[in-house]
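You will see chain A twice below: alongside chain B first, and alongside chain C after that.
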Partner chain A sequence: MSDTNSPGSDQGPGDTAWQEYLTGGGQAGGATAASGEPEGPAAPRRVIGTPSPAASHRMLPPQDDGGTQPPPRELPAGPEDPARAKKAELVVAACFILAGLAGLGFLVAYGIIGVGSIVAVQHSNLALGGTLSIAMLLLGAGATIWVRHLMPDVELTEMRHPMHSTEQEKAAFKETFEEGAETSQFVSRPIVRRSLIAATIPLAVAPIFLLRDMGPLPGTSLDTTVWRKGLRLLVYGTGDPITPAEFSSPGSIISVGPEGYLDDDDAMAKAAVIIIKFRPGEVDYTSQPHPVGGKVVANWSVDNIVAYSKICTHVGCPAALYEQTTHHILCPCHQSTFVATQGAQVIFGPATRPLPQLPIGVDSSGYLIATGPFHEPVGPSFWERS
Partner chain B sequence: MSIDRALGGTGTWLDDRLHGARGVRVLLRKIFPDHWSFLLGEIILYSFVILLLTGTFLTLWFQPSMTDVIYHGSYTPLNGVRMSEAYASTLHISFDVRGGLLIRQIHHWAADLFMAGIMAHMIRVFFTGAYRKPREINWLIGIILFTLGLLEGLFGYSLPDDLLSGAGLRILEGVIQSLPIVGTYLAFFLFGGPFPGNQIIPRLYILHVLLIPGVILALITVHLFLMFHQKHTQMPGKGRTNENVVGAPMYPYFMAKTGAFFFFVFAACALAATFAQINPIWLYGPFNPVAMSAGSQPDFYMGALEGALRIMPAWQWAPWGHTFAFNVFIPALVPLGLIFGGAAAWPFIEQWITGDRREHHINDRPRNAPTRTAIGIGVITFYGILWAEGANDIIADHFDIPLYWTTWAARVGIFVGPVIAYIITKRICLGLQRKDNHLVEHGVETGNIRQLPGGEFVEETRPVSDERLAVLTSRVEHPPLPPGETAETDVPAPGMRGGLGRVRERLYKVVTESTPIPSSHGNGHGNGHGNGHAVEAGDGHEHAALGSGTGPDSGADDEGPQH
Partner chain C sequence: MSWITARRRHPAATYALVGLVLVLIGLGYTVITNGNAATAASPTSANPAQIAEGRNLFVENCATCHGLYAEGRAGQAPSLIGVGAAAVDFQVSTGRMPAASDSAENIRKPDKFTPAETHALAAYIESIGGGPPIPSAAAVNPAAGTYGLGQQLFVADCAACHNFVGAGGDLTYGKFAPPLTASTPTQIYEAMLTGPEAMPVFNDLTITPQQKRDIITYVTQVRSQPNPGGFSLGRIGPVTEGLVAFLGLLLFLVLAALWITAKHGKAHE
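The block that comes next holds the complex of A and B.
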C-alpha cells in the first residue's frame, strides 16, 4: 500500500559503478578529472509550507548529497512478480518482432507496388499505410506493455519551490542591474540614450515601407469589370457564343464570360455571369435593381433571358445553385439567396445587396452580347464602395 | 557492462565538454505526475513532429506556383485540363510518387489532430484551473499557438490550389476586403493585386513552411521549458500537496510511456491516412473562379468562422460614400475575438475578482469551480453552435430540415444556448459537490440494512478510502475579499472602493459560489461520523462498516465533531 520505496535495497554492482560515475566519486576517471577540484556542497533543497503528508517519501536529490556520496537507490530493480514479468517479456518481444516484420513489409511494398494509375495508387496506399500503421501500433503496444508489466510501479515525490526569488536574490539582482546601468552611463547621459532611441525609429518603420511593393494600390479597379458594350457572352466551358434561340428552355441557367477573357482568372473572378431563361411574364421588370434616372429599365433582358453577376455580393463565392421552381439563386458558401425574377434581390442570408445585372442584347449575327458594363461594382462590399 | 562502457566512453567525452552529469541526473529523475488528461498536450507535440516530418517530404515535389499548365499525367480524368503548377504537382505527389498519397494524407490528418489536440488540451487546462498563477504565461502562449495553428492550417490546405481551397481563399479575400479603411489595401498587398493573381500560393507557401512553423516551434519550446521549469500540475490525491509533485521519474517511466504514445499518435494518423480519404483534390478539380460545389466545407477548425459568416444577418451601413460591411467583418472578427481575447484575459479577471494571488499546483476538479466550469461550457456551446452552423447545409440535407430553419435556430441559439448551458452546468457542479459532501460526511452506502435493538432500521455505510477522500476533500476555501463598501467597516479597502469595488464584490459572490465545504477537521475526521477514526486506527474495517453514527456502538471511540 505504501508508496515509499525502500532506499538502499539490493544494489547491483553495475548500478553502483554508474552512480559513482555520475557523482564523480568512482573509477570513471574522466568525470573526476573533469570536475577537477571538488564542488561546493549543493544548496539544500528548500521546503516550503508545512511538511506534507508525503514527508515520508524521499525527496530528490537527497538533501545531504554534497556531490560526494553516491545517492541511495530509489527505484526497485525488478518487478514484483517474476513469473508474470516473464510472460510480459515474451509478449513485448513478440510485439517488437512483428513491428520489425511490418516495417520490413513496408519496404517490400515500396519496392514491388508501383504507382502511376488510380488503382495502383489505391493498392500502394493500402499496403504502405497498412504496414506502417501496424508497425507503429505494435511498437506503441510493446512499449506500453513493457512499462506497465516489466517496470515495477513507482511513485516518487519531489518538492516544489515557490516561483518567486527570495528577497536577498531580488536585492542582489537589483544591485547588479543598477551597477550595470550606472557603469554604462545609459541613465546619466540622456543625450546618448535619446539619440539612440531616435536613431532606431526610422528603422522600426522600414519594414512597412519595404512591404509596400507587395501589391498595387486598389485604386478604382474594384469598381469595374472587363464587360463593355458589344462583348459576346461565351459559354463557360465550351467557349462558344450563344443565341437566344439556342437558350430557349425556360428554367435553364448557364455560366458565361466575356469574349476573350474566359481563360483569364483575374478577369473572370469579377466578370463571371449567369444567364437564366424565364417563361414570359415570370420576370418582374419593375424590380430591376437600379432604375436609371428614376425610370425602370426594362430593356436589360432579351427574350426573357436575364444576366446577373455570378459573384456573390457577400464574400465573393460563385453563386452557383439555382432552384427552378422558386427562381432562387443560392450561394453555396453562406446561403445568401437571391430572387432571380425580382432583380436578384436578397431574401435570405448575409448578403446585403442584389447580384448586379448585366444589360444584354443581341448583335447582328444573333448572338447574345453585353450592351454595356455593369452599372455598379460586382462582388463583396469594400470600404471605398459607395 | 555495456552501460558502463557507454557512460565511460561517450558519456565521459560529452561530460568533459558539457559538465552534464549532475544536471542531467536531476533531469532524469524529474517527476512527472500522471493523469490521462495530461496526454492531450503530448498529442499536439507529436502531431507537430509528424507534421514537420511529412511536410518536409511533401516539399520535395510540391511546386508553389500559379503558372498555368495543361495536365498530362497519371490521373487520366483530368488530362488536358488547364491548372496551376501547384495543383499539378499535388496530383503528381498523389499519383506518381510512391507513398506520396499516404504522406499527404498523414500530413492532413495530423494537422486535424494537431488542432483537435489543441482544443482538447486548452479545455483541460481551463476546466482544471491549470492556467492559474504561476502558469498564466504558458496559457497565453497556448492561445497564440492556437491562433497560429488556425492560420497554418488554413494556409496549408490552400496550397494545392484546388476548387475547394480556392473558394476558401476567395472568402478570405472577401473578408479582408470588408475591413473598414484598410481592407482593400490589405487584400491587394496580400494577393499582389486583384484576386486570384499569381502571387498568393507562393506567399502562403513560405508562410506555411517556414515562418509560421518556425514561430510555432519556438513557442512550443518555450511552452515546454516553462512546463519543465514550473513543474507540471497534478490532480488532487493522497499525499499530493501544493508543495510537492508526486509521480514517476522521467527516466525510465515517462520516456518509455511518451515514446509509446508517439507511436500511437503516428499509428492513428497512419491508420486514418490508409483507410479514410482526406482532401481528394483530384475530385474537386483545379481552381477556377466561376465554379463552386454545393456542400463545400472548410477543415473542421475553420468551421466556427464559416458558421459565423452564415449566421450573420445582412447588416451594412454606407454613409458618406463608404461601406461598413458589418455582415462580413463582424462575424469574421467578433466571435473568435471574444473567445480568444476572453480566454487570454480570464486568468487575470479571475485573479482580480477573487483576489487570489497564491500559486496553484493542484488542479481543481471542474465541479469544484462551478462558475468557471459553467463559463467554459457556455463558451464551448457558443463555439459549438457556430461550428454546427458552419455545416448547416449538410445538416439540413441529412436531417431533412429546411435550410433557413437551421440558420434561424443558430441565430437564436447563439444567444440562448450559452446561457442555458451556463445555468445547467452550474447546477450539475453544485449537485456533484453535494454528492461529494455526502460521501465525506456519511460514507458510502453499502446497501445493507441493519435493525437496531430499538427496532429502527438503518443503512450501513462504510467510509470512503483514503485515496478517494483526498480527492473528495480537495476543495479549498477562497480567501475572502477585503472589506468593501457594503461591509460594516468605516473605510473600504483599496481596490474595493467605488462602483468598481461593488462590481467586484458582486462578481466575487458569483465566481466563488459553492456548497459549504463539509466541516471535517482534516482527512479522516468527520468521515462517516467518526468512521474515519476507525480507518486511522488501522484495525477497523468491521468498525468502519458499522453504522451511520446513530448506532450505540459507533460513537464509542469517536472524539471527532458530531453533528
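The block that comes next holds the complex of A and C.
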C-alpha cells in the first residue's frame, strides 16, 4: 500500500477496530482503509524531540467528513433518585471529615504522647496505629460509597490497544537517535568517547568494593569460645559459682556462663551453656558420638552433671527447653530435639549435629569449672567450618 | 587419666586426696543439714492426727493408682515416697491430682480438696519419705522480691518453655508448659522446687529461696502489665498475632471486597 497518511491502514483488522473506537466513527476508518483512498491532510513524519507542526499534533487523523455526529452520551446525566443521592453525599462527606479528624488525631497523638517508657510506647503505638487505620478505613469507605451511590452504574468496554509503536514512530526514533549520535560527535571523536567510558569504570565496580563493609571476615573467631580451662561456671542471672553439691537434684537444669564474661553479650552469644543433673546411670557415656582426641567423654562430666552448649547447631537459637522425664532438649525455634543422656544427639528437627559438650570438673574450692574449651565450634554451621 | 597417673605418686597426692574427700564430706553435710533445717520450718509440721487424716484421704482417693503405700505402679503412677509435701501440695492444690485421665499432661482444674485436706495429704506423704516441704507464706511473698532480678532469672531459665511473660508453650508429644497466669505464689515456688511432670528441678541451693521469691515477684507482677489496645492475644507472640491477622483480618478484607464489588441493585433496573 502506498497510503502513508492513515496510520491504521497497514494494520490488521483488530487494529482497525481500535481506530474506529478511538475516532468515534463507525464507518470512517474502516471505509477509507478499505478503499485505499487518501483522506485528510498528509500527516507529516514527526521527529521525536523536535517541535512538531500543529497540524501533526494528533496521533490519529481528524474526522473530516462532517457527517459524523459526536458519539451519543452513554452515561446517565445524574442519579435516578436525587433524595437518596443527597443522603449518600452527606454520608461520604461525613466519612471524609471523620477521616480528616482521625488524621489530625494522628498528628496530635504523635505530638503529645511520649515514648519515655514501655507503657508510653504501647499507648503511642495504639494511638498512632488506631488513628491512622481509622483515617484510611474512612477514606476507603467514603470513596466506595461515593462510587456505589453517586456514580452511575454502567458497564463500559474499552478495546485493547496495540502495544507496539507504528512503523513511522520507529523510523522517526531511529533517525533521531542517529542524528543525535552524529551531532554529538560521540562516534567521530574517539578520545572523548573512550575517556568517558574509562571514567565510568571505577564507578561501575564501586559497589563490589562496598561489599567490604560487610566484613571484617570472622576469621577463626567462630571456631572458639571464651571457655578455657579453669573458668568457673557462673549461674546466669545471679553471677554466683555453683558446686556439684548445690546442683544436686536430679532433673535440674540451669543456664551458666563463663566467669568474667556474663555481661559480655558478644562472648555470651557463643559461650552460653546449660548444665543438667542426672540420676546415676541415666547418662549413656558410651553413646557419646563425638569423643575427641581419644578422650573418654565420661571424664567431661562431674557427678552426673553434664554441660552442653545452649546454642542450637541449626541456626543458633537458645536450645534450653528441657523435659526431665524424657531428657529431651528442645530448640524453640524449629523443634530440633537433642537427647541429653546420649551426648545431645539429634533425634528430630533440622539440626544436623549434637550440641557440643563442655568438659567440666571441680576446682580446689569445690566449684564447677571448665576443664578445657569446647572441642568443636558451637552453634550453626558456617562456610569455613571443618 | 594420664595426668592423674603421672602425679598419683607425688608426695602431696595423699594430702590432696584427703583434702578432696574432706571437702566433699563437708559439702554433703551442709546439704543434709540445710535440708533438715528447711524441713523443720515447714508449715506442715505434722501432728499424728493430721497424718492419720492424710492417710485416710490417700487410701480413698490416691491409692488406686499410686498403690496402698504410695509405692507407685509401673507404667501407671510414680512412687510418692520422698517426693515431699511441696509436690503433693502443688499437684493437689492445682487440681492436677487426682488426675482426670491418663493424658500427656495433667491440666489445671478446680481442686478437689480443701486446703486443710491437702495439707493432711502432704503431711502423710512427708511422713513416709521426707522431701521438700511446703514453703511458708513469708517465703513466697511477692512483695519481698525484686522484679528486675526475677525477670533476669526467669528469662534465663524459665522463659524457654513458659514464655517471657509466663503465657506457657508447647513441648513434645502433647506435653506443654502451662501458662502461669493462675498460679499462686506458693504453687510457683513448689513447682520450681519439685519439678512436676516434665519440668526440671530448681532446688533451693541452685536457685536460692530469695531468688525464687524474685521470680515469683516477676511472674505475679508481669500479669498486671497494661494492654493499651485491650487485646493481649494470650501474649504468646507471633503465633496468635499471625492467626488473628490471618483469620480476622482476612475475613474482614473478604467482606470488604464483597461490599465494594456488590452490585447495586437499584442501578440495574
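Basically, the second predicted complex is superposed on the first by the 208 of 386 C-alpha atoms of A that agree within 3 Å, B and C clash if a C-alpha of one lies under 4 Å from a C-alpha of the other, contacts with A are read in each partner's own complex, and residues count from 1 in each chain.
Here, a residue touches a chain if its C-beta (ideal position, glycine included) is under 8 Å from a C-beta of that chain, and two chains touch if they have at least 3 such contacts.
All values reported here derive from a predicted model rather than from experimental measurement.
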Taking the superposition on A as described, I'd like to know which of chain B and chain C A:R279 touches: first, second, both or neither.
neither
If we overlay the two complexes on their shared chain A, which of chain B and chain C does A:P318 touch? Say first, second, both or neither.
both
Check the residue A:N125 against both partner chains and state whether it touches chain B (first), chain C (second), both, or neither.
both
A:P332 contacts which: chain B (first), chain C (second), both, neither?
both
Of chain B and chain C, which one touches more residues of chain A?
B
Identify the partner contact of A:T243: answer first if only chain B is touched, second if only chain C is, both if each is, neither if none is.
second
Return first, second, both or neither, reflecting whether A:G366 touches chain B, chain C, both chains, or no partner chain.
second
Identify the partner contact of A:M163: answer first if only chain B is touched, second if only chain C is, both if each is, neither if none is.
first
Now for A:S221: first (chain B), second (chain C), both, or neither, which partner does it touch?
first
Based on the A-chain superposition described above, do chain B and chain C contact any of the same residues on chain A, and if so which?
125-126, 130, 140, 144, 154, 236, 255, 318, 320-321, 332
In the complex formed with chain A, which residues of chain C make contact?
1, 23-24, 27-28, 30-31, 149, 152-153, 155-157, 160-161, 169, 171-172, 175, 177, 195, 197-203, 205-207, 211, 226-229, 256, 259-260, 262-264, 266-268
Within their complex, chain B touches chain A through residues 1, 3-4, 7-8, 11-13, 15-16, 19, 21-22, 25-26, 29-31, 68, 74-76, 82, 94-102, 105, 134, 167, 170-171, 173-175, 177-185, 187-197, 199, 230-231, 238-249, 252-253, 256-257, 259-264, 266-267, 270-271, 273-275, 287-296, 306, 309-316, 318, 321-323, 325, 327-328, 331, 359, 361, 392-393, 403-404, 407
Can you list the residues on chain A that touch chain B in the complex?
3, 14, 17-18, 21-24, 28-31, 33-34, 47-49, 52-54, 57, 60-61, 67, 74-75, 110, 113-118, 121, 124-126, 128-130, 132-133, 136-137, 139-144, 146-147, 151, 154-160, 162-163, 211, 214-218, 221-222, 236, 255, 257, 263, 265-266, 268-270, 272, 310, 314-321, 331-336, 346, 348-353, 379-386
Sort out for me which residues of chain A touch chain C in the complex.
80-81, 119, 122-123, 125-126, 130, 140, 144, 148-149, 152-154, 235-238, 242-255, 276, 296, 299, 318, 320-326, 328, 330, 332, 337, 366
